[in-house]
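When the chains are written out, they are named A, B, C and D in that same order, and each has its own residue count from 1.
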Amino acid sequence: MAVLKAKLYLLLEATPRNTRGQRAFDLLLVGLILGNVLAVILGSVHTIETEYQTLFVAFELLSVALFTLELLLRLWVSDLSENGSAGLSRRRFWFNPYTWTDILAVAPFYLGFLISMDLRLLRLLRLFRVFRISPYFRSLALLGSVIKQEYRPMLSALSVIIILMLFAAGGIYLLEREGQPEAFGDLPPSLWWVVVTLSTVGYGDAVPLTWLGRTLGAVIMLLGVGMVALPAGMLASRFSQVMHRQQNLFRRLVEQNIEAGNPVSEAMLEPHRIELFISRTEARSIIANCIEESQRPLNFCPECGSRLPGHRTA
Amino acid sequence: MAVLKAKLYLLLEATPRNTRGQRAFDLLLVGLILGNVLAVILGSVHTIETEYQTLFVAFELLSVALFTLELLLRLWVSDLSENGSAGLSRRRFWFNPYTWTDILAVAPFYLGFLISMDLRLLRLLRLFRVFRISPYFRSLALLGSVIKQEYRPMLSALSVIIILMLFAAGGIYLLEREGQPEAFGDLPPSLWWVVVTLSTVGYGDAVPLTWLGRTLGAVIMLLGVGMVALPAGMLASRFSQVMHRQQNLFRRLVEQNIEAGNPVSEAMLEPHRIELFISRTEARSIIANCIEESQRPLNFCPECGSRLPGHRTA
Amino acid sequence: MAVLKAKLYLLLEATPRNTRGQRAFDLLLVGLILGNVLAVILGSVHTIETEYQTLFVAFELLSVALFTLELLLRLWVSDLSENGSAGLSRRRFWFNPYTWTDILAVAPFYLGFLISMDLRLLRLLRLFRVFRISPYFRSLALLGSVIKQEYRPMLSALSVIIILMLFAAGGIYLLEREGQPEAFGDLPPSLWWVVVTLSTVGYGDAVPLTWLGRTLGAVIMLLGVGMVALPAGMLASRFSQVMHRQQNLFRRLVEQNIEAGNPVSEAMLEPHRIELFISRTEARSIIANCIEESQRPLNFCPECGSRLPGHRTA
Amino acid sequence: MAVLKAKLYLLLEATPRNTRGQRAFDLLLVGLILGNVLAVILGSVHTIETEYQTLFVAFELLSVALFTLELLLRLWVSDLSENGSAGLSRRRFWFNPYTWTDILAVAPFYLGFLISMDLRLLRLLRLFRVFRISPYFRSLALLGSVIKQEYRPMLSALSVIIILMLFAAGGIYLLEREGQPEAFGDLPPSLWWVVVTLSTVGYGDAVPLTWLGRTLGAVIMLLGVGMVALPAGMLASRFSQVMHRQQNLFRRLVEQNIEAGNPVSEAMLEPHRIELFISRTEARSIIANCIEESQRPLNFCPECGSRLPGHRTA
């Protein structure tokens, strides 16, 4: 029993997920989740749902059964862990947000037996299962950490945008409310127009018609459009910067090992690779590159290729 | 009385705003301002205003009273300051733009007693109170200084865009004015179409129908769309560059202190932290990082993580 | 015969394509391909096709003849190559994707004799000929290699976007399905609205009308618009970074040759120029710049122009 | 007479334009050009033109007279120049594109006497006068030189976009032509839809309705939108990079002068300032900064603020 439990722990929870069994299990889970998302989307279309009702019900029963089984097994092995006591790992299990997205995804089905309610809406809760996929994308965690670091300037850019929007809405409300009372007669629809315009979505459901209104609109578009793109631009440049630094830190580790005369292998660097959010292919090419570099004298920045000072050979 | 005045000065004006009282006061003010903005927006909707009229009036009376009180108290303590004479600080009070946004926000209410006019429009002036929130966002000031530095290339990009727009408007006017005299019959509506198109808002209120017009439109979209995004892109890349430099300057300060053997504490670096627009969390992590770095030999660029020349140990 | 075959190989396949004959042939091919693309586009318009039918047929016969001839000649010379056996180069010919776009472009015409089917649709296959142009653009290959390197973070950004979209679609479906059952009554049309909105295209065919729906829409626009622009921003910054590095690597090569006392000429560096995706003009200016630089003492970074340490003359 | 001619040359053509007279003249010219642009725009509106016809005619006569006078004076002094023979400078005058925009702007008026034609359209030619303003924006020339440098990768990105568009148009044509023959029945309108969609303008004049068409549309939006933003992103990042380098080169010049013990003054560096496209304010702050820097030991990169190697004092 204990052996089975340990094996299950390895299959379900252990990281890094390198063995064949772990990969097969993860793939199956991702497939099941994507299938569920598709079922929720297609099942919302009335004509499709009525035609293939038995198929939808069968797939729902199957997937609820599998998700419940997985949840129960995870609960069972949750007291095992690489380090720390059994109590600590079980507590960690209950505080893990993924546990709760799992419960949220399965709960509506069982709730249906207790209380009678509109189950169609609750099926949307199954979309939360999609979050189970996200840990399989490594750089997503990196993106999260960049947002965490950059949230301050982004917030302040957002606050400038919102102040700008308030005044734009006030202006267009003054200029257009008489001509088009249904689209600009109050501040809330004016704000809706401002958001639709500044985000450059431009549905065309509300368009200024007076010349003063159009002039204000043109100014808003020319000056404001950039403002809204600012946070995204900041995030993008920062993200690729951080990605770059992670790669350099990994390269540094490899170089230190080479310099210390240690044998350098992929397996040895695996934990660092995972910690630094670096993909298997990148890691391999960095290692190969470092070994090659270590054999010729360094007089160019390995980073940007520019000449380094004090290394002029001639 | 003098003690009360000094205490009020500390509560209302003194920087840095670290004490519990100051923070509570700032939070209350931000809440009151956001409440006022919401009241102006919702109060502009006729159906909401008539239903909750007493509530709106009560909230207006309360907030006008509080803002007036705050303004008067600020006026009272305006002759106190950390450095400089009483006259100088009072003059600084009157030249402070925030003082005038405060007055502008309160004035309409009192003006209503003197002259009878459409108060609904003047309520929009209360939106100016929102500027009172902006000083609470540190990086907003940084954004302002970046715009100030970069305004020249942005202006020139804008002037290219405007010249491009004039010719695009002239072209579409020639090609489409016969088929659609109401949308492209004069230059001003053609310009409106050009602005709506180049900013990628694209309401769809005016669309070229002839094939020559559509070809010109396609060329404008493919070549011009980038032009409009240019100033924003420049600003974004510059902003994150400056943010980065500020952090490096702070790091440099910390390192100099460590090297000089001075004890390094957050409190000591507080004025520099504020001057360099660095958040409390960032400052803390930089200090911790520097202390850690000072204990091991430096042979990698702390900036981008790339190897530094002349430090090869092997 | 063997001489003719060798000459044909030089004309059709040999790289680098520097001789006058090769350039003339390439230009002719590009012209023919662009002509075909235009013919397919214009030929799809019924009124144009019926009026100029003979012209279209004549151009089709001519271009099919020329493309077939080229394909057969390429097949004939495919056993010649600079290095490797005849068998290997012939195999390489059949595994070259360009060979298959060529066959795909010509095949529909010959298929028309065997089976009778709607030829109009198959004419679209001729658009594949356009891929034959792409190898003539060097930096396109560079762009491809950057996308290959950066596909991981882009994929993860895309996966965040898709998860965000699923929840946005779920939300708008809940809020708007009662008021507008034809636009938001199922999840698929809600997803269509989300994609149209987040990409800032904003056709305006579906627009939320309730205030809760509009609030959700505004939040989606402000937060999500940046997300969609993220992969592009990352790609752009990475692309110009790589372009930069390639130039630096070329500069390094030139400098090493200068330092070693080798004579530096364009012809000598030609293979490196091609390998590093550098244009002829850039290469020329880098070489000239390096020769000039080699005559005065280096104490500024050739990369960013900033002062280099340890070179202070005073 | 020769004295007057020399004075006129100074006023009209000599660079740098520092004296009071030159500045007043330039400002007057810019004002006159902007006035003309406004007159062309407003004059195209029928109702405004008929109401203020005399005003428009008077302003046109005045501006044509002034522009003709300026052109004749420039022609008169065109044989004077700082260096080179009279013949060379006159030839340079005739090959200057600004001369031709001037002639183009004035010509329609005189042509009206010779041949009778629709003068309203020719008035659009007067928009070309706006190019006379552009030399007054220094960084515009810098932008031009960046575009010149980066045109290759931008062109290749554009060619990828156009290939992508051809296939997108082919796909949507196949999927939507039966349901909406007027919007997607031929390839040209399908291409129009693709351009409008990929540029994120999204007028909404043509929208796919079938589910396969919408799926293709969603894929195009998610993958293609970034592609279109790519050239702009590349240009933006490159432009701020070049701006930065120019500033560094100027800083380098100042530092070299300081190190050589030369007195450093703004006037002395004026020609370099202009050549490097640096604004007066920037130059001043760089000079001040260099003088200050020269008095304390350098152990941090003046560029990005990061620590420099080999300068650890402790």
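Please note the rule applied: a contact is a pair of C-beta atoms (placed from the backbone, for glycine too) under 8 Å apart; a residue touches a chain by one contact, two chains touch by 3 or more.
Bear in mind the structure is a predicted one, so any value in this text is a computation, not a measurement.
When you average the Cα atoms of each chain and compare centres, the chain farthest from subunit B turns out to be C. A count of C-beta contacts for the chain pairs B-D and B-C puts B-D on top. At the interface between subunit A and subunit B, two copies of one sequence, fewer than half of the residue numbers in use are shared by both copies.
If you average the Cα atoms of subunit B and of subunit C, the two centres end up 40 Å apart.
Separating the CA-averaged centres of subunit B and subunit D is a span of 28 Å. With touch defined as above, residues shared between interfaces to two or more other chains in subunit A number as follows: 188, 191, 200-204, 229, 232-233, 237, 304, 309-310. Those residues of subunit D whose C-beta lies close enough to touch subunit B in the complex are 37, 40-42, 44-46, 121, 124, 127, 130-131, 133-134, 137-140, 142-143, 158, 161, 188, 191-192, 195-196, 199-205, 228-229, 231-233, 235-237, 239-240, 243, 279, 300, 304-307, 309-310, 312-314. Those residues of subunit C that touch subunit A in the complex are listed here as 152-153, 155-157, 159-160, 163, 166-167, 170, 173-174, 185-188, 191, 197, 200-204, 207, 211, 214, 217-218, 221-222, 225-227, 229-230, 232-234, 237-238, 241, 244-245, 248-249, 251-252, 255, 258-261, 298-299, 301-304, 308-311.
Put simply, subunit B touches subunit C in their complex at residues 200-204, 237.
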